[in-house]
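Which chain is which? They are A, B, C, D and E, in the order written, and residues in each are numbered from 1.
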Amino acid sequence: MIVRPPQHWFLRLFDWHGSVLSKILFRLSLNLLMSVIAVMGYQWYESLGIHLTTAPFSLLGVAIAIFLGFRNNASYARFTEARRLWGSLLITQRSLLRQVKSVLPEQDDEAKSFAALMIAFSWSLKHQLRHSDAQTDLARLVPPRWRDEVMNSPLPTNRLLLCMGIWLGEQQRNGAISDVFIQNIDRNLNALSQVLGGCERIATTPIPFAYSLILHRTVYLFCTLLPFALVADLHYMTPLVSVFISYTFLSLESLAEELEDPFGKAANDLPLNAMCTTIERNLKEMNSDFPLPEPLQPDSRFNLI
Amino acid sequence: MIVRPPQHWFLRLFDWHGSVLSKILFRLSLNLLMSVIAVMGYQWYESLGIHLTTAPFSLLGVAIAIFLGFRNNASYARFTEARRLWGSLLITQRSLLRQVKSVLPEQDDEAKSFAALMIAFSWSLKHQLRHSDAQTDLARLVPPRWRDEVMNSPLPTNRLLLCMGIWLGEQQRNGAISDVFIQNIDRNLNALSQVLGGCERIATTPIPFAYSLILHRTVYLFCTLLPFALVADLHYMTPLVSVFISYTFLSLESLAEELEDPFGKAANDLPLNAMCTTIERNLKEMNSDFPLPEPLQPDSRFNLI
Amino acid sequence: MIVRPPQHWFLRLFDWHGSVLSKILFRLSLNLLMSVIAVMGYQWYESLGIHLTTAPFSLLGVAIAIFLGFRNNASYARFTEARRLWGSLLITQRSLLRQVKSVLPEQDDEAKSFAALMIAFSWSLKHQLRHSDAQTDLARLVPPRWRDEVMNSPLPTNRLLLCMGIWLGEQQRNGAISDVFIQNIDRNLNALSQVLGGCERIATTPIPFAYSLILHRTVYLFCTLLPFALVADLHYMTPLVSVFISYTFLSLESLAEELEDPFGKAANDLPLNAMCTTIERNLKEMNSDFPLPEPLQPDSRFNLI
Amino acid sequence: MIVRPPQHWFLRLFDWHGSVLSKILFRLSLNLLMSVIAVMGYQWYESLGIHLTTAPFSLLGVAIAIFLGFRNNASYARFTEARRLWGSLLITQRSLLRQVKSVLPEQDDEAKSFAALMIAFSWSLKHQLRHSDAQTDLARLVPPRWRDEVMNSPLPTNRLLLCMGIWLGEQQRNGAISDVFIQNIDRNLNALSQVLGGCERIATTPIPFAYSLILHRTVYLFCTLLPFALVADLHYMTPLVSVFISYTFLSLESLAEELEDPFGKAANDLPLNAMCTTIERNLKEMNSDFPLPEPLQPDSRFNLI
Amino acid sequence: MIVRPPQHWFLRLFDWHGSVLSKILFRLSLNLLMSVIAVMGYQWYESLGIHLTTAPFSLLGVAIAIFLGFRNNASYARFTEARRLWGSLLITQRSLLRQVKSVLPEQDDEAKSFAALMIAFSWSLKHQLRHSDAQTDLARLVPPRWRDEVMNSPLPTNRLLLCMGIWLGEQQRNGAISDVFIQNIDRNLNALSQVLGGCERIATTPIPFAYSLILHRTVYLFCTLLPFALVADLHYMTPLVSVFISYTFLSLESLAEELEDPFGKAANDLPLNAMCTTIERNLKEMNSDFPLPEPLQPDSRFNLI
């Protein structure tokens, strides 16, 4: 995620970091080359009867813009849903700890151990979504009693949730938490289960591949043919206008692709590390378990991962 | 569903598998033929006073693109809702097993038998949605006690849910699960009921037939007449541009039709087999019931069913 | 609702049943007549200085397409919400019966009597939404104890829900269902109340009348003037293109009107009779109350009501 | 709200009541005048070098149509949410009365007094939303015990809800309603609280003023300049086409403004009086408290307020 | 937020306050300057072969309008969600106080102290979202018992919620509130937790930066080049039309940016101070804790913050 101070509109025109410009630069250069070819060779291929006009490309461009708008919507919906799920993770874990502390006011150790399970759950989910190795974080966070069980499991995130459920059942059987209040806590464990399943769904089910493919193809072919359609009207101005139009379409197509997988580490993806740290800070603060970890800061390119 | 490694943008232009190209290839060829006829016969039918121009087709094309965008939205909403329901199936079943294991920590047999009912529920739902025969899977999965009742039922998926409810009532009457905690489990059974009913709704209620029909007709007629409208401006370039525009409209119309029934076995449909296996893996892992079934892998055409 | 076997794309172009074509046929003929007048009288009224061009109609056509897209969305949202409510009706009633059977395993009579109240609720709701007479179905379905009360009520659907609540209160007072489990059942009665209220809302509150009116007017006037705008460019092809464009706009406007009231009996409306039969089948199957009623089949025109 | 019998499409073209036509009639006349000026003065100001063409207005018109479509969506969403909240009011109050009657089957007086509080809540909410005086209705409806407290409160609608909560607490303390069942009723009181807060939100937070303003300005300026852009192409037909296009844009802009505040008394607003009467009818019917108030009927202009 | 009396449409055209006009005035002047340069230098640079036409800009303008419509939607969705969360804050706190007063009818002190915690929660949330100093308000509002704990916390808003949970646990342990009823209150504390987390999510996660950047760039470049494309057709009318089109695009882009952060103090942002005062008024009225604070009034520029 890009985090930066507000800028004057003029400076923003030349902002580089965080845009998708770097990704499409090669493709834009190709478009520029095509434009130059179109301008150079215009009279020659026109004499061969090869002739393109703006009108059909206008129709095609608007149609592609409509379909691209739809794809943007779908990608952005995935991004916001992913963010919402991680927001719900923080919300639910704070609620869970509030509930536990409300019925076990004297037992700080139990509260801390339960908080540790939750913090481990967040980091484990992050590793699962980014296909990175969770072992170090699990070893650091999971309380000794559950450590082996979790670290040996092929599905550690879900196993951590199971541990919380088992812990809860024990508290109920030894009378620390009443049968009735268990219900409220259990409902929030269900909410954690929904966060886990929702993130897995987004990570494993892309937007139907044919959508991406059809739009990718039409946008690229459209940009390639565009200079030849513009040259009859615009002559020497063809490269400028053609690159401008191509920039609009290519950059939005490229961004849609980036947002489609919000759990990656690209500039516009979600800052899962920062979010895990926020969760850790919040739960430890509620337990007055100081010092809190420092919140992550964006790097020199305003990037937060 | 298509699952494939990320590709360079250039290679994706020529990707074949998983696109809907094969479905519309014949129709595109027809369009090519029409274009050639338009170019050949142009002067002859022009002399008869038959004359088409781009302008009205531009208006029509944009209008169709808007309506097609709407149809895409509706189809994609069905696809994502179906995926969401199957995600909810996994989430709810994991929650149910966590709840059962939390209150019955010593009774592994009961937990395994309850898990078996849930796994059978998933496979039975898959067979119901794909109109395939569930008997083999039911015989393999349903615990002996319920087997006859379920396999003889005309509505086995719903019957499995009823069995879970009956099992739950028994646990309550013999005191294993308290009256209060039953509520939490029962709520998750309601959620399973919603998954079942939601999937049935999507499978039995298509998008109103007139929508598909009107768009199907207008898109096909539009593509047929298009070459005759373009030829006056584009001459020899008519086939290229006409096939390109037709590809954009036909492929999106065709994909919308494919996504409308997300429970099929086409390339862009949901991989129900893989999802059932995931559910089986998760529930067995929670019971430490090894070995787990292997996750399904995409076939050589990157297809996962 | 139209239910039909998948067709080859070519056959679908000439499909007749289930489209809204019959409704707009007269209007399309009028448009054809206008086109012929436009072609015939072109030179005469042109000489009077009456002159229309495509450009402003292009602007107007795209604007109308955008607004019509919005109206389609609104109508389709009503259709899907109505379907969703009826889906929720089936889901909730199955859940309710599962709950009752889970706590009253031995009392088949009570379960059957409760199921009968629910089945009567569905049919009564259907009659209320279609303004048809519910007396025959109520007499057939409502158990004797409640029959008079329900059949004499001016609001029988809601009264049936009240009866279920009274029945539930009795079960609790005579100790058959515990105070705690009542909660779960009561929540599902609330869900039935939401289905009832939701359907009433859709049936009594149309899309604001001015929306329909403005779009109806602009679409009709647009189609009437269109031939005069096209004739300067298209001459003898005016009737073809004009009828084609009119077909696209008129048929979608007409379909939007049809979907706006999803509880009617038109070809694209919801098959409430079939749904009530499905509910009856499901609840009877759960009570093993054979023979089940046969599922309704589409008639010879593929129509299911 | 406009309620009328279905009409033939031809008659609907000339329907007057309930459209927003009366509101924009002056503005349309102005547009007609501009068109006549444009036609008359065309040669004179053309000779001065003042020249407008259709092309830029086409771009502008489509852009405005897109933004207007967005504004329509936002206004319509407010309208449907408001309707949904009032639907939820009826649903929740029926559920509440069903719950009370289910646990207090013999105490008709308590049920009637509770129903009276709910009916008063609906009317009080109506007066609050329409800024009218609630005193007469409160004096008529609120049971004597609570009357002074409610009528003296600066926030009577919320106070009525508080009274229901207090009543509920008393029933629990005197043992009439069990601790457990209170929960179900309390949840529905929360739902009433949501209806109240939701309606207040819609009533106090308009769509950001700048949106309305920008669109209002661009639509009006667009319609004013349009005749001068059309006249070069259309000559004597300019007034017809210009008024037609302006009608489309102005009427939708005007309707969006009307729907933005769904609690007003304009033709397309919600019929709050009729809804309150429906609620009163339903709750009294459940208590067999005859005679029921008559449902409100639309007036001679088909208007229901 | 702008609050103003309804105006005649004519006056609204010249309304100044509350529009985003002031923000884009410099940019519009620049556009005017470009237009004048385009008109002046037309013949000179045309002779150099530099030539732009309307057609490609028409395509580009419509594409940008579509993407801008998407951005508007996304920004407006953030605005409405933020408003909805603050509405939910009022709703939930009223419900919480109703619940507490219903079970603790005699203990006005406890109810007032609980209400004070909730009022402090609202003001603390406001300060957190606007990055202002909460200490004065916390000192004024938090009851002495919790004051130090809250004011020393790095995360005071969440800490206030924890205090409510602790208070609730105490009430349960000393028998004032039953185990069962605690559940209902606890659920509403969860709802407060969701409001807090939801607001934090909106405040910390902007719309992906690349979206804003791409649209900002294309809109600005589009407006800069536009006069050169229009001048060939419009000559002396170029400045008028060019500024008009630029106004439409720039003002909507600027408004989208303003709405993106709904918690700011700009004219179209949410009036958090007024909302906190409304909450304070409502909770104090329920406790009959007069005098109530006066509702905030818009200032002389109709602005409410």
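The rule is short, and it goes like this: a residue touches a chain if its C-beta (ideal position, glycine included) is under 8 Å from a C-beta of that chain, and two chains touch if they have at least 3 such contacts.
Chains and their UniProt names: A, B, C, D, E = Bestrophin family protein.
Predicted, not measured: the structure shown is a model, and the values here were computed from it.
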- Starting at chain C, find the fewest moves between touching chains needed to arrive at chain E. 2
- Residual chain groupings, excluding chain C and keeping positions: one piece
- Query: Taking all residue numbers at the chain B/chain C interface, are over half used by both copies (same) or under half (different)?
  - Reply: different
- Note on the structure: Averaging C-alpha coordinates per chain, one finds the centres of chain D and chain E separated by a number of Å equal to 24
- Between chain B and chain E, what is the gap in Å from one C-alpha centre to the other? 38
- What residues in chain C touch two or more of the other chains? 55, 58, 62, 66, 69, 180, 183
- Considering only which chains touch which, label the overall pattern as line, ring, star, complete or other. ring
- Message: Going by the defined touches, start at chain A, step to chain B, and keep going round the ring. Which chains appear, in sequence?
- Response: A, B, C, D, E
- How about chain B: which of its residues touch chain A in the complex? 1-2, 4, 9, 12-13, 15, 18-20, 54-55, 57-58, 61-62, 65-66, 68-69, 72-73, 76, 79, 83-84, 87-88, 90-91, 94-95, 98-99, 101-103, 105, 178, 180-181, 183-184, 188, 230, 233-237, 241, 244-245, 247-249, 251-252, 255, 258-259, 267-268, 281-282, 285-286, 292
- Item | chain C residues within the chain D interface of the complex | 27, 49-53, 55-56, 58-60, 62-64, 66-67, 69-70, 74, 153-155, 158-159, 161-162, 165-166, 168-170, 172, 179-180, 182-183, 186-187, 189-190, 193-194, 196-198, 200-201, 205, 208-211, 213-214, 216-218, 220-221, 225
